[in-house]
């Protein structure tokens, strides 16, 4: 077996939108759709977004929306006490439901594929007992024909002008965030989470990614995070001034 | 009903036009004698039903039963006076401006399948259908002479904005070729 | 067979296109309820015959039965209709199990814009589009007779796992509503 094969496959596989990608990742691991399985594919999902080819930049926003929900799910799984707003809880449950529904439809589409065209029922090829004779309706008039062709031309789908490359900020990868976290922790022993992430200035997803990076660091024992009260600032502190042991 | 008379019914229904015994025997891969037997059986089973088996010279076909003939005459009358309606007028206008045209191209321009509408336009004598000179397996549609006369024009070129409309449709069709490569 | 179911069969054969119960009731000058009864009777009398009745919402259409499918396919030498891609099949399934459905709902389930795919399916005649009765500014999509015929089934209820899938969809719907309530 060639070890680089899966990598190659990931690059060539075209995913039809964010849900397709996510469902494929869950199914590839033979997992059921749940918060646990979604949390476990979060990193891989974000990796895929970073590998998205240039031409699909316009779709990236859609991918990022799903990514931010995934990050929430992951944050929650790392920190069960994490308070989430009702909106956030709602979007998590919503994502699960959407995936389940898509999963059902995908399963059925395999069944449809099996029977399509196998046992066709045929309709009449001709209209029986019809004599063709010239019989225009009252409305077959030149002005109606003019109006009709105008309607036809009007409803032609517009030419597919390639969308101007949307300037969507590239989602920050977990690794980049961890790098930046570590550097900043080194320079300031104590910092608040909102300082670090520049909350309000950058996309929400960046906040979450940095938050998660923080959680991962906590897990790895690189930093110590403290939250005094429920909605207080999260304070982080570095355990050691040396190089953290992440890869 | 045996399988054979069943299949004969299906074939005649599907064709809905006169079919010779020889053709039937060929289609069913059975002897003509067998076909005749099957037809006798079919005839019996159609007693007291909506359709009947009609034999004419050496052909057979299905037709509506005689009890329905009054009803159908009445409905035909009503249909004759009916207006075409928006969708049919749009289809007809495409045939007028872009003939001869294949059904697939009409469908592509309208964004929906047009088979029923075209069939209806044919029955009303508004369009003609003939084999596509470029591909004998398909048909092309064009306006009938009666239609042009009815509209008071001697040729399609006299239609309002003829060239402009043609050009617009042509541009759209050219996109088709490009798009087809991207739509799976 | 009563006179009514007889006449319905004759009309459907003669029209050779989908006919709604309302149209039948008008053509036959009888109540829609009576038409429904007549159709049930017709369906029964077609059992074990050459033709079947395909039902879709409030419309019916006669077709050949599945036993003749192989035979006619051989005769038409119908080129295998171009393979349906993964995205098309997925969209068709959603339309089949959830019709009538709006495009926005299809997009929501698939997580991508489905307008290209839907247009393609409309052109191929596999999907029907009509104005949403609940909102005249939007459209709803449903399976076409052509699609049911290609699947060899006479109504959506005969789709693979129909009951099971309906139950699953129902569960999703309830959970979604609960979910929305807690958010609101």
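Just so it is clear, A, B and C label the chains in written order, and each chain counts residues from 1 on its own.
Basically, a residue touches a chain if its C-beta (ideal position, glycine included) is under 8 Å from a C-beta of that chain, and two chains touch if they have at least 3 such contacts.
These numbers were taken from a predicted model, which means no experiment stands behind them.
*Asks:* Please indicate the chain closest to the centre of the assembly, with centres calculated from CA atoms only.
*Replies:* Most central by this criterion: C.
*Asks:* Measuring between mean CA coordinates, which chain is farthest from chain C?
*Replies:* Checked the centroid distances; the maximum from chain C is A.
*Asks:* Can you give the whole-Å distance between the Cα centres of chain A and chain C?
*Replies:* Each chain reduced to its C-alpha mean, chain A and chain C end up 33 Å apart.
*Asks:* Roughly how many whole angstrom separate the Cα centroids of chain B and chain C?
*Replies:* So the centroids are 22 Å from each other.
*Asks:* Determine the centre-to-centre distance between chain A and chain B, using the mean Cα coordinates as centres, and give it in whole Å.
*Replies:* Each chain's C-alpha centroid was found; their separation is 47 Å.
*Asks:* What residues in chain C touch two or more of the other chains?
*Replies:* 13-14, 16-17, 62, 64-65, 68, 72, 86-87, 119
*Asks:* Do you know which chain A residues sit against two or more other chains?
*Replies:* 122-124, 126-129, 157
*Asks:* Which residues of chain B touch chain C in their complex?
*Replies:* Per the stated touch rule, the residues are 1, 3, 5-14, 16, 27-28, 45, 48-51, 62, 64-65, 67-68, 71-72, 75, 107-108, 111-113, 115-116, 119, 183-184.
*Asks:* Contact residues on chain B for chain A in the complex?
*Replies:* 10, 13-17, 61-64, 72, 80-86, 89-90, 92-94, 96-97, 109-111, 119, 122-126, 144, 146-147, 150-153, 159-161, 165, 168-169, 172, 175, 179
*Asks:* Which stretch or stretches of chain A touch chain C in the complex?
*Replies:* Touching chain C from chain A are residues 16-20, 59, 62, 66, 86-87, 89-90, 93-94, 97-98, 100-102, 104-106, 108-124, 126-129, 157.
*Asks:* If you look only at chain A, which of its residues touch chain B in the complex?
*Replies:* Where chain A meets chain B, its residues are 122-130, 132-142, 144-149, 151-153, 155-157, 159-160.
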